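Some structures to go through are shown next.
Below, subunit A partners subunit B and then partners subunit C, in two separate complexes.
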Partner chain A sequence: MPRPGAVIEVDRNTPPVLFHFGEGIRLEKMPLGARIVYPPDPLEPIAHPERAIKRALAKPLEDDPLKSLLRRGMKMTIAFDDLSLPLPPMAAPDVRQLVMEEVIDMAAEAGIDDLHIIAALGLHRRMTEDEVRHIVGERIFTTFHPDRLYQHDGEDLENNVYVGKTAQGEEVTLNRRAAESDLVIYVNLTLVPMDGGHKSMSTGLASFRSIRAHHNAKTLLASRSYMNPPDSALHQSCIRQGQLIEDTVRVFHIETTVNNHAFPAVANFMQKRETDWTPQDQAMFLATKQMTDIMPPAFKRNVFHAMRAPYGMTAVHAGQVDAVHDKTLEAVRKQINVPVEGQTDIVTLGVPYLGPYNINAPMNPILVVCMGLGYLFNFYRNKPVLRKGGVLILTHPCRYEFDAVQHPSYIDYYDEVLADTKDPIEIEKKYEIRFAEDPWFRQLYRKSHAYHGIHPHYAWIWAAHAMEHAGDIIFVGADRDVVHRLGFKCATTLDDAFEMAEQTVGRYPSVTHLRTPPIMLADVEA
Partner chain B sequence: MLALTYARSIPAFAVVKAAGGRADVATSALSMLKLGDVPEPQLPARDWVRVMPSLSGICGSDLAAISGHVSLYLDPLTSYPFIPGHEVVGVLDDGARVVIEPALGCLVRGVDPPCPRCAEGRPGLCYNVTEGPIEVGLQTGYCADTGGGWGETLVAHPSQVHPVPDSLTDEAAVLIEPFACCVHAALRGGATKDDMVVVAGAGTIGLLTVAAVKLFTPPKRLIAIAKHPTQRDLARKLGADQVVAPADVFQRVRFATAARRLEGMNRPLLLGGSDVTFECVGRADSLNDAVRFTREGGTVVVVGMPGEQKVDWAPIWQRELTVTGAYAYGTEPKRKGRKTFELALEAAPEMHLDELTGPLFGLGEYRDAIAYAMSAGRLGAVKVAFDLRRLRA
Partner chain C sequence: MAWYSEGPLSRITGVVGGAIDDVLRVRRAWHWDTPRPHTWPEQGAVVPAEASDLGWARVEPVRSIRYLIQRVLLLPFTEAMVHPKVEGREWVRELERPVIFAANHSSHADTSLILHALTDSARDRTVVAAAADYWFKRPILGNIVSLFLNTFPFSRTGGAQAQLHSSSQLLKSGWNLVLFPEGSRSPDGRIQEFKPGIGFLAKETGTPVVPMHIQGAFQIMPRHQQIPLPGPIRVRIGKPMTPGPAEGSREFTARIENAVRTLSKEPRQLEFQGSWIERWQASKPREFRYEAD
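Moving on to the complex of A and B:
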């Protein structure tokens, strides 16, 4: 029986706690009385995922069985989530592959020839062929790639159509193939509550024109948090767009969830509470620490990025988008929710080597902010673990390190924009269009493997809520110049950071460490 | 009189060059540069005047000559031994403060009618630098007969002498000559208000080019490339809209111009780029970068004195670049034929040029002065100069 998440109070017997530190790890002694929040153990996966998928397709939620929707001669499109999740990438076979194989078999039985498969990557980077192959599996890749298995291009004017405007004036565009299909089947993998639902189509198959309606500073600042869809202006906007899409094209939605078994056996200690570490775990910790302390960043990156997570599927639902997504969110919360009593003055977080936007690339400073102040901070319901005006302490080396292929516009955003201002609203006014419409960024997004020109802005505004909420933000062990460029403070050690924090929150502050990843959602008592 | 003299010596040149131009070798007993008593230069004609230098700058071209990096092209255009120093503020016998316009063209040499270039008002391009009562030489400071700023006295034709307004200190006035070069360069570059301009290099010439371009041909945006912190601060102060490190120039120019960037095996190139680039370093790396980040059909103005550098001509050919030199000064057709020195002297009082000058050294400290000047950027200095006022006291 997997244990639920837990909140442990630090006493004299509490061992030092693991902090992620980019491509490194640290053990840190937390102050007496501090809380450590641990994620739940991985849930038992479904024993026979293929059978569960068949069942879901045969008995969908608020929709007809998939088989009854399929007919010879129809134009059918399957869209699937890109490699930005799960993190780390899932060990083969990916659940999306299992779902797509089942759907394709059914389509073949129904005599459907006109079937296209599109990676719904929105404004994310184009995947490499190997990355696509990893998600869809060899059989699908060989059969469909490249003519009938390809990646969405949000900048292809010919192949994106204007669908209309929502009642709130949000423009909606959609991939032409999807818009002109008789049936679109969306195959999703929901790792966190932000994913899935109407957001899948309204971002994954959309263009900048459509995405900017909700990917903006104002919306993000009004989302408390975007990890909790009912309180998320981002999601309300996506829902409005998604409903317009549903009125335009017949959508059959399939969502899967996985447990939080995020690390393979060699890194099992990262998965466990320190009190549960076996001698083998301790040995692996020491070996990993030794390796990460002495090896150059590029070597460590290669080792870490080669890791595949042994995720197990915990749920699969199919049918109407909202009905499916409600069930999906239930399944996700079951895995990641941890009840936490009240807020604290200080929250500490270890930022790991990987986020959704740096697979096979270094986590550049803007992505560190996106990961730490964006994703990790926003993993809460009701209210943040950190009290308003409290101090957020993060550990990450935060080096000036960019991948010129994946993140070309990030370099300019860091060097030009953040040198000018850090204010998300002001940045948006001055720079949004310039980055979105830069012809070279457009070309690199379309032809190479670069994130869209506007993407660094999205990564930055993902942190807007945390930046507004926290009284101070301190990075431990980071490159001082980089942290100052980002607008934050820098401390050499965690103890120094605590001492600096006292200037903001006073003496004897309450402290909570969120021991993540694996992912968890702090359900903070209202 | 006391003066530093540069003597032509092939063995000394070879020794200094072999040492990579190191300051300690370039100012040693084995070098071409010597401090000592020499006869005062004679007035070549009755109308010439004597000038007692107050401050005399150490120019990049002087350092190139001393360190053996100078282009041998200039050798036959120079007479030896000469007293270096062409950035000079000094006093006349009557005590009037003047700056020297060093070009030794037809008017100075008494050649009449003047050569076509001098007739156009471009004495820097004079055909007749071998003629007249003085030895061959392009400028005061490279001519055996005129003396130079690194000695107690030099001689000048009245047309070379410009009065210094009281509002200009000696420390500011010593920069009038290089500033006039940069004003001339800016006007040759001819940037328009819609242009994106890059000034590569932030030594004296680079910084003054930034100022000159902003004053005389203000572009839409000016990016300065500067290596050292003091240079970066000064470039901003003098009007650069953006200052970037040499390693970032392709990234920054690309973004500023929405160009496209392609990675080459040795260095990147931009499709698009700056409209006008002022190259004020004169070294191969900087020149090769400049011809790759200046847009197709754009202009590269070579302002910094280059030596014999290996430059890939393919970008110049393929991009149909206009690569143009900007040497010295004269009269400026784009400013109604006014003298460049007058334009520089008019603009200078507002520019706080004295902030760029220093430290100052006596002639006896020339070894330290040369060594300091060779590392000026790294040491936070711009214009290192000799202070000869003490010799008169």
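Moving on to the complex of A and C:
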């Protein structure tokens, strides 16, 4: 029986706790009385995923069985989430592949000749052929690529159509192929509560014109947090857009969830609580630590990015979007929820080597902010673990390191925009359109493997809520110049960071360490 | 300061000092010399248990040591470094009798890649033929390699009958055999002509041969390179082949070579005539009776 998440209080016997440090790791002794929050153990995966998928398609939620929706001569489109999910990428076969193979089997049986498969990547980068092949599997790739299996292009004017405006005035666009289909089947993988639901279609198959309606500083600042959809202005906006899309095109949603078994056997110690470490885990920690201490960053990156997570599927639901997503969120929460009592003065977080936007690339400083202050800080329900005005301490080397292929606009954003101002709202006013419409960035997004020109801004505003909430933000072990450019403080050691934090929160502060990844959602009670 | 810009002495001192600090810290924290503190919670299963192992090896306690080495070091290291893509594993999933694995040879990494590509049960019953004049010239090296990879000395310079005898003894004892029929590593990554010994051995012992092709090993660790680099690797396993009753050993060797060369080629582009439905149904995977396990 997998154990639920836990909050333990540090005493004299508590072993030091693992901190992720980019492409490295550290063991840090937490102060006496501090709390360490651990994620739940991985849930048992479904033993026969194919059977579960077949059942879900045969008995969908608030919708007709998929088979009855299929008819010869119809125009059908399958859309699927891109490689930003899950993290790290899943060991083959990916659950999206399993779902799509079942759906395609049914379509073949029904004799549907006009079938296209689209990677719903929104304004993310185009995937390489190998990356697409990894998600969809060899059989789908060889059968459909490239003429019937391709990637959404949010800047292709001809192939995006304007759908309309929501009651709140949010513009909605949609991929033309999807908009003109008799049936769209969306195959999703929900790792965290932010994913899935109406957001799948309204961001994955949309253009900048549509996405800017909710990807903006004002909406993000009004989301408490965007990891909790009922309290997220981002999701309310996506729901409005999604409802308009559902009125336009018939969509059948299939959502899957996986457990939080994020690390392969070689890195089991990262998955376990420190008190569970066996001598083998201790040896692996020591070996990994020495390797990451002495190897050059590029080598470590290659090793880490080659890791595939042995995720197991925990749920699959199909049918009407809201009914499906409610069940999906329930399954996700069952895996990642940890009840935490009250807020603290200081929260510490180790930022790992990987976030949704740096698969096979270094995590540049803006993405470090996005990961630490955007994603990890926002993994809460009700209220943040950190009290208002508290101090957030993160560990990451935060080097000046950019991937020119994937993140060209990030370089300009860092060098030019962040040198001017750090205020998300001011940046939006001054720079949003310039970056979004830059012809060179647009070209690289469309033809190369670059994120859209506006993407660094989205990564930055993802952290807007944390920046507004925290009294101070301190990076431990980071490059001083880089951290100052980002507008934060830098400390050499964790002890120094605690010392600095006391200037903001006073002597004897309460401290909580969130031991993530694996992913967890702190359900903070009053 | 970047790691490489420091002086070598201060760097070595720093690395060694850091490693000692880490070991001491772990030793103190996890109470190597005292009982587990009673305040620590019960240990949980945490991660699902790995698949049980069916393997055994030639001699105890080497068998157990090798088991640990392969699972803790060799296989994770191979996976982390090159994340090999394996195709055709179904051909070796349920071997009814010992086989000879015949692969192209362009790198020292080939053996690890082959072992990584095999199923647990096949790997644990597999020995690797290693060139006696190369690997066993220095006994210590030969023994270490045997400990890691379950190798046995295979003469490339004559003594065919003796080789046949020792190899057939292994096959009769239930061991699979990894052979590199080219005889030595390719100097340029291309497949060289196969030597006839493999056909002879298969014919004499009536053992099936499983052709394998490793792509990319030359790029990660060619001749004269000591340390492997990360890179894409594909290991493709072919259908087991049995020598025909009227087939000579040279003909069978040629057939094996041809099979390995065929595996090296990219899959033929499917005909684009006809609908996707026909292509999809044509590529439907075969149903295996052991799939339900």
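Simple rule for what comes next: the second predicted complex is superposed on the first by the 525 of 526 C-alpha atoms of A that agree within 3 Å, B and C clash if a C-alpha of one lies under 4 Å from a C-alpha of the other, contacts with A are read in each partner's own complex, and residues count from 1 in each chain.
Operating definition for what follows: contacts are C-beta pairs under 8 Å (C-beta built on N, C-alpha and C of every residue); 3 or more make two chains touch, one makes a residue touch a chain.
What you see is a predicted model, and the numbers here were worked out from it, not measured in a lab.
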Exercise for review: Could you look at A:V136 and tell me whether it touches subunit B, subunit C, both or neither (first, second, both, neither)?
Suggested key: neither
**Study point:** subunit B versus subunit C as contact partner of A:L191, first or second or both or neither
**Key:** neither
Point to revise | Superposed model, subunit A: greater residue contact from subunit B or subunit C | key: C
Review point. Does subunit B (first) or subunit C (second) touch A:I104, or do both, or does neither?
Key: second
Exercise for review: Go through the superposed model and pick first if A:D415 touches only subunit B, second if only subunit C, both, or neither.
Suggested key: first
Exercise for review: Kindly classify A:Q443 by the partners it touches after superposition: subunit B alone (first), subunit C alone (second), both, or neither?
Suggested key: first
Practice item. Report, in rising order, the residues of subunit A that make contact with subunit B in one complex and with subunit C in the other. Key: none
Revision key, fill the gap. Given the complex, residues on subunit A that touch subunit B span 411-412, 415-416, 438-440, 443
Exercise for review: Sort out for me which residues of subunit B touch subunit A in the complex.
Suggested key: 248, 251-252, 254-255, 258-261
Review point. Contact residues on subunit C for subunit A in the complex?
Key: 3-4, 15, 18-19, 22-23, 25-26, 29-30, 37, 39-41, 43-48, 50, 71-72, 76-77, 79-83, 87, 230, 232, 267, 270, 275-277, 279-281, 283, 285
Exercise for review: Would you mind writing out the residues of subunit A in touch with subunit C in their complex?
Suggested key: 2-3, 6, 8, 11, 13, 15-16, 27, 41-42, 44-45, 104-105, 108, 111-113, 115, 130, 138-139, 142-144, 148, 261, 264-266, 268, 271-277, 279-280, 282, 284-286, 289-290, 293-294, 296, 299, 302-303, 306-308, 312
